[in-house]
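Two complexes are shown next, each including subunit A; its partner changes from subunit B in the first to subunit C in the second.
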Partner chain A sequence: MKPVHTLALGLALSAALLGGPARAAGASDTDAERAARWQEIAKSIFGDRKIEPTDTLVKIDAPARALDAALVPITLTMPEKDKIKAIHFVIDDNPSPYAAHISFGPAADPAELKLRVRVNNYTNVHAVAETRDGGLYEATQFVKASGGCSAPMGMSDEEAMKGMGDMRMKFAEGQPGKPVEATLMIRHPNFSGMQMNQVTRDYTPARYINKLTVTRGDQTVFTLDGDISISSNPVIGFGLNPEGKGPIKVAASDNQGGRWEHSFTVPSPSN
Partner chain B sequence: MKSAPSRRQALLGGFCLCCLPTLGRAAESFAMTEVGPGVFMRRGPNAEATPENDDAIANIGFVVGRDGVLVTESGGSLADGQWLRSEIRKRTDKPIRHVVMTHVHPDHCFGAAAFAEDRPNYVGHSGLREALDARGEYYRTRLADILGADRAGSVVYPTQAVTGAAEIDLGDRKLRFTAHGTAHTSCDLSMLDTGSGLLFTGDLLSVGRIPSLDGNLTGWLRETERLKGMGATRAVPGHGPVSVDLEPALSDLTRYLGTLREETRKAVAADMPIDKAVATVAQSERDKWELFDTYNGRNVTEAYKELEWE
Partner chain C sequence: MRSLTRTGAVAAIALVVLSAAMPADSPVNVPEPDGIWTGPQRGYTPETLKGASVIDAGRLDALMPAGPLLLDVAMEDRKPAGFPDDRPWLPAHRSIPGAVWMPLAGAAPIDPEREALFYARVEALTGGDKAKPIVTFCHPECWGSWNAGKRLVLKGYTNVHWFPQGIEGWQDRHETAVIRPDPAWEAKSGGRAER
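Up next is the complex of A and B:
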């Protein structure tokens, strides 16, 4: 993977916010070039399946210009949630564009999904909703950010690895019979493989969560296949089907063989 | 408050020459001021790095002792460091024995190479080396993009790493160093000069220019307490006027940091998502700081990432 020397708006350079326009390929591409790139990516993921545009099945809420390219909050809403089987999230101009594939199970309430991602360039982001009847529907938004994948994260890899695998889950106050909003937080550096150590000129090897399985009782809430575009210390917001019962179990694994499991008790809704 | 550049100007700052005419090497900004006996400082403007200002945006200067000169800080680029060296040589021909780098940020570190011929002792926090490993080359590339590689400078490592505390004796005055816990960054070093009584805070204290959080918010608030207990009444902050009363300046700083912490905690507790928090937290501070719009949202992001794991 070639490091892209764009300016990292994401990284606090403190007194020198070395600001400037992104100059890597992608920032000044024409709409036609962007469309062609998306066609290519879509073909690599979905083959020859037809993807139709949608204004209703999935909507993307992302900042037009990211404050921190290494942590761009994304909210996906799926108003016709009963039709939704899976969501594919793609950041077209990232070095590894296919950021996440989330597949919902019966214990999920797939009306909303929140992710935090890295954005390496001025880019279109795509959310593709896969419906239960096998259809694919895409929504897109343009995001201005750069350097999110290659910007150094902290000041110490060791520090970034601290507590790797720790998890928390927060639950918004729910009402009986209504879906419960949950937030899963995982300690993990999610090294992109593009963050360079200056002395050795080596890149910190990519180490990222590639599989996340969330279950409740004997039912799946969702599975997520992730990649280097997910921000460090991943935070994922999702909904729980109110019919679900039992504790939540989260199993996470990374591309270097790390594996972690935690259980969480869903609070009973107050009246 | 002076007209702060808009977000767009700030983001394009490196290349938007027309918008920031006052940020160049105006004589006023770059005069050396003798802030204490044998202590000379240059005030850095509240700006971002541009091709015109050589990233000369931090307060930098030097202390002249009986046995030699101590530089604190080195400048924001090789060009800035060279300028500082020439200012030193206008005033004294004593050997330049020490160069202090208060933390990893480029506006404080990148002048260091300008003093290579003096073979000084480069003083830094014990965490500075690792921070430079992680960030140095990245900063150098960014700076070279803006200033050109020949003006940007190179990464210089400390030769004296301070853990806890250290002292340097210039013969007639002593410089007492404190290596702080993670605060503004992971490698903040402060210095107390017994000759003038001045406390050199680095960016643990920023006056007028919004503080930028790149370390640990709770740690920073804790370290401000330590700064108060060092026996100094006057300080040389990393940004802002080159000499200030310590107590009120710290009080402004902790008001901002405290507001940032309190309101971010509330946002986390209320499940307010990070994208909403950046637009609402600490807005009461907006008119009190220059470059607020450039840095506050990022400070909130940093604070949120830290505090959501409390």
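Up next is the complex of A and C:
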């Protein structure tokens, strides 16, 4: 009799703690399992450094249920932007969970960052903000999507690689003295190595952008270390410090030795 | 004749549109193959499996109190060649709690020894009871679980249920659990086959 009682209590407790129907199905042992997994990942990335929860330093905006698991839009907002040095984005249940590490430089306005990622399974995602004083602060959200890492691109590998390394950059209409929103679009299949060619039944070898460096003049905007969890044809939204001067230079390299560089002129804000 | 041609054209258009959208439940009428399916292991699957019942998530829920043998045949996550050592590679397979995971047991072609091991494992797990309920599953649009169910039907199992919505269909309604491959299956795991 007693174990049943304990389980029921555990279920009721976890449902109450997690606040509602969205997670009410979660048995307490599953939540413990997810928490243990996050501990394992965090240890592999940050070692023994302490990570504290935050409601203010970083917030994750992700669809609770993604339409396309291979293309899940993520928006990270950092309201206390002056404190932020870097962001680590982790998709807990992806086989390669460490999706991106973004390190901001003086030419960035680190108030917001947008990414599109692959999600392999219903999972927690974590954003860890690294502050200038060396602290680590985590925010988390549950995302429902699955199969994103192995989803075929729906075209031949050759077609997917056409124009690889081409880039475009869009700038939102700016105001003088205000940060400028920029969107970088890179043509690159970012093959995960888990995608199977349906005709040959071979796996398309992994080919993904592992390093992205964005500079303005002689200052860094951001660097991004990424891997197979970034969607094909990466799109990254970021902010520019209004004090910055000169053209933007983007250098991208992939794990197969590909390297591309492009320059973009930031439009002057209209008055 | 004319209407046939038109139907064909509509079907062809539908195929093009739908293969782009990749819906979870196939509106395309896929016929059952005569035996085990040896074509591409990912793609639209039939709506039936002769000799077995096809169940949705609701019917699986109804079957659960009977304590069926839950057979997961989904493939393991494949580590990309040349994946850097300094990044964490931590695959975790989430499935129906209590399921027995035999990755790629539905693959075709399959090594005869692997096929024999599959039958031996199922025999052991059912205690030799051919009438014990068995549920085979992997992912949507995955032939592996269809093939696994077919293998069991061909072997004389009489209470086989194929759950085509698979892990995704389950996790829509329930929590999943991280499971390890069946130890006996993994111990004799040969070369990597395809899903």
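Note that in this section the second predicted complex is superposed on the first by the 239 of 271 C-alpha atoms of A that agree within 3 Å, B and C clash if a C-alpha of one lies under 4 Å from a C-alpha of the other, contacts with A are read in each partner's own complex, and residues count from 1 in each chain.
We take it that a contact is a pair of C-beta atoms (placed from the backbone, for glycine too) under 8 Å apart; a residue touches a chain by one contact, two chains touch by 3 or more.
Predicted model, so just to flag it, every value in this text is computed and none were measured.
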item: First (subunit B), second (subunit C), both or neither touched by A:116; value: first
item: Touched partner set for A:95, first subunit B, second subunit C, both or neither; value: second
item: Which of subunit B and subunit C A:67 touches, first, second, both or neither; value: first
item: Partner chain(s) touched by A:154 [first = subunit B, second = subunit C, both, neither]; value: both
item: Subunit B versus subunit C as contact partner of A:196, first or second or both or neither; value: both
item: Between subunit B and subunit C, more extensive residue contact with subunit A; value: B
item: Common ground on subunit A, meaning residues reached by subunit C in one complex and by subunit B in the other; value: 152, 154, 196, 198-199, 201
item: List of subunit A residues in touch with subunit C within their complex; value: 25-27, 30, 33, 37, 40-41, 44-45, 93, 95-98, 120-122, 146-147, 149, 152, 154, 192-194, 196, 198-199, 201, 203, 205-206, 210, 227-228, 255
item: Subunit A residues touching subunit B - in the complex, by the definition given at the top; value: 5, 7-9, 11-21, 61, 63, 65, 67-68, 71, 73, 75, 114, 116, 151-157, 159, 168, 170, 172, 181, 183, 185, 187, 195-199, 201, 233, 235, 237
item: Subunit B residues touching subunit A - in the complex, by the definition given at the top; value: 10-15, 44, 48-49, 55, 57-58, 76, 104-108, 127, 130-139, 141-143, 145-146, 155, 184-187, 203, 209, 212-214, 238-239, 271, 273-275, 278, 294-295, 297-299, 301-302, 305, 308-309
item: Sites on subunit C touched by subunit A in the complex; value: 19-20, 22, 40-43, 77-84, 87-92, 94, 139, 167-168, 171, 173-178, 194-195
